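Chain nomenclature is as follows: A, B, C and D, assigned in order of appearance, with residue numbering initiated at 1 for each chain independently.
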Amino acid sequence: MRMLGRISRKPWMWSWTAAFVVWFATIMVTGGASTFDLSQAALTFAAFSIIVGIGQMFVITLGPGNIDLSVPSTMTLAGTLALKLMEVDNAMIVPGLVIAMITGVGVGVVNYALIKALRIPPIIATLSVSFIVQSAAIWTNRGLRIKPPSFLADFTTANTLGVPNVAIIALVISVFAWFLLEKTIYGRWISAVGQSMPAAKMAGIPVDGTRFVTYIFCAVLASLAGYLLACFSGGAALNMGSEYLLMSIAVVVLGGTAVAGGDSNVPGIWGASLFMFLVVSMLNTYGLGAGIRLIMTGLIIISVIMLAGGRAR
Amino acid sequence: MTGDTLTAIVEVADAKVSFGAVKALDGVTLAIMPGECVGVVGHNGAGKSTIVSVINGGLTPHQGNISSDGERLARYGIGVARARGVRCVFQELSLCPNLTVIENTRILHRHLGGFGWRKRARKVIERSLDLVFPGHGIESDRSVGELSIAERQMVEIAMAFSDAGVAPRLVILDEPTSSLDAGLAEQMLGYVRRFVDAGGSVIFISHILNEILTTASRIVVMKDGRIVADRRSIDWTEHSLVESMGSVAKGEANRRAVRDLAGAPVVVEQIGPGLPFRAKRGEVVGLAGLAGHGQTRMLMKLHAAETSDWLARREATVAFVAGDRRLNGVFELWSILKNFSIGSLGDLTNRGVVDVAAEMERATDWKRRIDIRTQDLANRILSLSGGNQQKVLFARALSTRAPVVLMDDPMRGVDVGTKQEVYEIIRQQAASGRTFVWYSTEMEEVCLCDRVYVFRDGAIVAELEGDAVTEGNILAVSFRGAAA
Amino acid sequence: MRLTYSAEAVRLAVPALSLTVLLAAVFWLQPRAMSYVGLNLLFNLAVPIALATIAQMLIMAVNDLDLSMGTFVSFVACVAATFLRDTPLLGTLILAGVVGVYAAIGIVIHLRNLPSIVVSLGMSFVWAGLAVLLLPAPGGQPPDWVRALMTAKPPFAPMAIIASIVIALVAHLLVMRSSLGVLIRGVGGNERSVERAGWSVLAARAAAYGLAGVFAVLAGIALVGLTTSADANIALRYTLLSIAGVILGGGEFIGGRVSPIGAVIGALTLTLAGSFLSFLRISPDWQIGAQGAILIIVLALRLLLARIEKREKAR
Amino acid sequence: AAMPVSALADTSGKKIALSNNYAGNSWRQAMLTSWEKVTGEAVKAGVVAAADAFTTAENQATEQAAQIQNMILQGYDAIVLNAASPTALNGAVKEACDAGITVVSFDGIVTEPCAWRIAVDFKEMGRSQVEYLSKKLPQGGNLLEIRGLAGVFVDDEISAGIHEGVKQFPQFKIAGSVHGDWAQDVAQKAVAGILPSLPEIAGVVTQGGDGYGAAQAIAAAKRPMPIIVMGNREDELKWWQQQKEANGYETMSVSIAPGVSTLAFWVAQQILDGKEVKKDLVVPFLRIDQDNLEQNLANTQAGGVANVEYAQEDAIKVIEAAK
């Protein structure tokens, strides 16, 4: 019982509970027959939100006002450039990955340069950058969908022991992120910067270095997600990241990370990402129209945050 | 009530307040009569700020009752207290920095509204500022954020004494002079005396015992959530106060031993307007002068020169102890442990991974060394009283291996006993070669330094050394400007 | 009133200057814009944006952020193009009701101490859903009086300019001069001190949200007045535009530092920036990117001017 | 006599602008490319003085309205318009007409009476899909409907057509409906989410740009492949061709050709030339069937959309046909 009490105080508990409830409600429609397929689909698609969500979480942890709105266009540009470079050639997989990563680093550097040198608030700076990056994506291949190399296409859509490969990648990244946050000095630094920049500075923390690395980390994860998504869905599309703008923010906050910064939560992102996928599936399954579906999604998000994030004053 | 006995403005009977396991108030009974100034002293965490919150209506005691003007009030709250003329200056500054002084006045006085309130509010606050701090020079349409910390404190004090319809009858001052220099503090104390003579009441909390002794008509000593002594102030001496608070007075033992540092190498240097700043190895250098004349800026410069915002130094060369701990001291979400260790993580990590055992060991050691009052280092930092939080910040800086420690008026709100312990640690560490640069608004601390730079208008105007470091000399230079 | 060299004045000088520079550039590129009709064409779509920006500013004044502004304005536009025209009474009731909902959101956020970003993110789905239910396909028509108001041709200055000035003045009086405005900004600056002075922070926050709701409703109505019909996605970009407008106008995300006149100027600047770009005739590939670049340039200008300002002050 | 020579003389000083509200998918990119190609030649040949393309940063009616207002200020003689909303731009379009500007809308058309409309019968596009399926699957079955972006005119029209078709052929039943936002990855995700709870699916009716995503999701779920109506994207056609070769898979593909922007350009040019043109013109949608698949695929750029570009004569033909 006390154990239960302790767990219910964990901020990630709520997103997991919500995901489970929605999952259960969905499989009930087919009397449980769809359990395996649904779970597999959920893991597959949640994986992409998890990868971008973790990057966004690092940025949000940096404190109020820190947010990266360039995530969608970074995904698009990275996917586009990588697929263009690889040209359906299996031998080019690694160079493709490298170019995607370089894209991420580049976007991260520009983002932070604007934030730091021009003192533009992150929300506006990253928005502006996202426009430029989107243009760059249009310019590079004018919206043509190039197919991924066959090995990558197979790999990203396949399962290992019934677990989708992309979910395994997401898991590896999550563990790495968790380790960074909880065990390393870098994790302490981000959390300190997120709680109070002046205090972090006076405690001798390299504030700019920490923020710089974090913005790059976020953009690199977005690039990786873009690379994987482009391979998974059979080609990079100019609008393929657009969904992940609100999604990346939603999974972070639903997952129990403090929007005010300083406190992050990796397991919560999993719960929230699964939830965000499953809730759409559930409402689709129940055959509800787009209007009702949107309203329900909104109300569920609010209910979850009220249960999870609510602290009576 | 009989006609000839005065009734208390506010009377708290047997109040108990606890935060979790901490008993902040453990049965306190206190009555404030019209026309008296009650001084409250006690160690950090004794419950002084808590009793203030109870009287102010901001905190409802879990047990006990409150009466005012002879009436027992079942539903006592901020509104009721204010209507009865209770005003409060809180330990932390509590104005809205984005609003102007006038607008802050509007917020404070709920009944000032209606058409043309700006004019009225301006009159109210300017009159009060002129009364309490004649010659203050604060423009009331500047926003509070632009004022210096001392000016903000002045505004806050003047605000509490201002009269806009409901006259102040009981003004509570919780460490009001912590950011004021001697001159301003004296102005304020003078006004408090006049206010009390005119029939008003004041509760005055301070760690500067001299202020209390000269201003209060009655002094109450608190210890661990209880009142342990309550006497007229003429019956107290500094010595007896300290004794009843539970710490041993050390008196003149405070004076530093004269040391010869002529041969020691210079470890920090900063050249700006006025005299150059230099500090030698093992030296305790004081920054003095009136509050807000560039001392903090000098510390920031020294800090910025020795740290990088982009890359972590392998060996930190400076450590910093913040005075304004809410702003640049504590990390509010963190435990005491993490707040302590953040300064020395470089030593406690192995290839970037934090060694949790070493971290705990070092924290436990320092908890013992400077007596941080908590059962568990995993508790949140905010569960500590103000003074104890300050001790954590001290421990954070002192536990590093940095050869230079910068201190920005670090003893704000630290109790006498703790101060003595910290002084001792500073002395020891200086002897073993660490350099301290110490800005303080308290003369007693400045006099502990080997050498003192006096600031005026953002520049160093004088350097005093050895026996020349006296209150008289410093004041003379601060007020006269360029001398020496 | 004494002119002080206050932070507020500095806050305003910067956006005003960037607007002037941009306007000069537009006139230079396209002299035809320098006329009654030209100015109206340049600025009339800025009117709803200015209203939405004021709404966002009110929310930012209490340290919150509204990510549902765009969908909410879209929803209001849908209501205005349907109910408000067909059954004015019911339409008015609905709009009053949603203003109430806004105030209620403020109350919930305060009572449960919720992050406003998440709640408004959730609400953005709700408003979008309601709008889709109301108008599954674009359509509707604004009430005639709205259309008449938005296309009026007053003497001397075009409607767009007059409306912007009126909005700025009303918002300035409300937010900067009135007691309620002081209280709302006070909550943003230091919630505790407002509470300690005996005010209800809950009421202040509810008022800020309610007022924001009112301005957002006006934005939606003004928008249909200009576009002549509504759809569920019509104003989605207002969320980010309104935030950018507040920032361009010298407002800040936290600390209750806002400037209503600046916010209106910010909204005008953003609208003008779009026109400036189309007059430049950039290659279609880079037109989107140029919008980002111009945002960066205008904000960099802000920094530059603030620097000059600081140097002046230091002297 | 409408000789091209005289047309050349009359419109050589005229400026035409393209107002486009979205550039974020392959269809729109193909549309812009066709525009650039055809109008570029026309400008070089001196048919018109300028033909500039403008795209808004976000797919928003308000932004496009501002764009049109700017075009009025810039003094264009005609505006060719792919509108974000059929009605929300009416205010701006009216202002343009009042300023003496010819407005020709296509694909996303506007209802303002002063503008010309080159429309595709989206309803029929939806209905014909069900009709095709009824021929392939006379016994009927369950359909999965993939819709576009909620709240957008085209989505509503095509979906209405599909539902009309289901009414006409009651052996079909729509077992599930998801929004794929005309994007392969969104469609893939939505289909994967609903699929586990659906019974066996006989056909998938789509709106274009979503067929390949649906095929991927269905293949991943290891379900029997239903007849997926495609939307002329190269990846869809290619997948279809592979399936056709492997197991004789049969379907059809239908969408509006992105090159319709060039038809709109020529119509605008003809109007400027003083031609009498009816306000409502209709272009057929581009349909690909089992037999002409290979041929169409060969003509489609890798990663692009099957396309048809129009010449001045085509426009004249369309105008004549409408009379």
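Just so we're on the same page, a contact is a pair of C-beta atoms (placed from the backbone, for glycine too) under 8 Å apart; a residue touches a chain by one contact, two chains touch by 3 or more.
Heads up on the chains, UniProt names are A = ABC transporter permease.
Model, not experiment: these values are computed from the prediction.
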{"item": "Greatest separation from subunit A (ABC transporter permease) - chain, by CA centre", "value": "B"}
{"item": "Selected pair, greater C-beta contact count between A-D and B-C", "value": "A-D"}
{"item": "Averaged-CA centre spacing for the pair subunit C and subunit B, given as whole angstrom", "value": "43"}
{"item": "Separation of mean Cα positions, subunit D and subunit B [Å, integer]", "value": "71"}
{"item": "Centroid distance [mean C-alpha coordinates] between subunit D and subunit A (ABC transporter permease), Å", "value": "33"}
{"item": "For subunit A (ABC transporter permease) paired with subunit C, centre-to-centre distance based on mean C-alpha positions, whole Å", "value": "30"}
{"item": "Subunit C: positions in contact with at least two other chains", "value": "128, 131-132, 136, 287-288, 291"}
{"item": "Sequence positions of subunit B contacting 2 or more other chains", "value": "none"}
{"item": "Shared-contact residues (touching 2 or more other chains) in subunit D", "value": "23, 32, 57, 150-151"}
{"item": "Chain contact graph, described as a line, ring, star, complete graph or other shape", "value": "other"}
{"item": "Contact pairs between chains, per stated definition", "value": "A-B, A-C, A-D, B-C, C-D"}
{"item": "Touching residues (chain side subunit B, partner subunit C) in the complex", "value": "56, 58, 78-79, 82, 88, 90, 94-100, 103-104, 106-110, 113, 117-118, 139, 141-143, 145-146"}
{"item": "Residues of subunit C touching subunit A (ABC transporter permease) in the complex", "value": "108, 110-115, 117-119, 121-133, 136, 240, 243-244, 247, 253-254, 285-293, 295-296, 299-300, 303"}
{"item": "Subunit B contact footprint on subunit C (complex, rising order)", "value": "2, 4, 6-8, 177, 179, 182-183, 185-186, 188-190, 192-199, 255-257"}
{"item": "Partner subunit C, residues of subunit D touching it in the complex", "value": "20, 23, 32, 36, 52-63, 65-67, 69-75, 85-92, 94-95, 149-153, 155-157"}
{"item": "Interfacial residue positions of subunit A (ABC transporter permease) with respect to subunit C in the complex", "value": "64-65, 69, 114, 118-121, 123-125, 127-136, 138-139, 142, 246, 249-250, 253-254, 258-260, 289-302, 305-306, 309-313"}
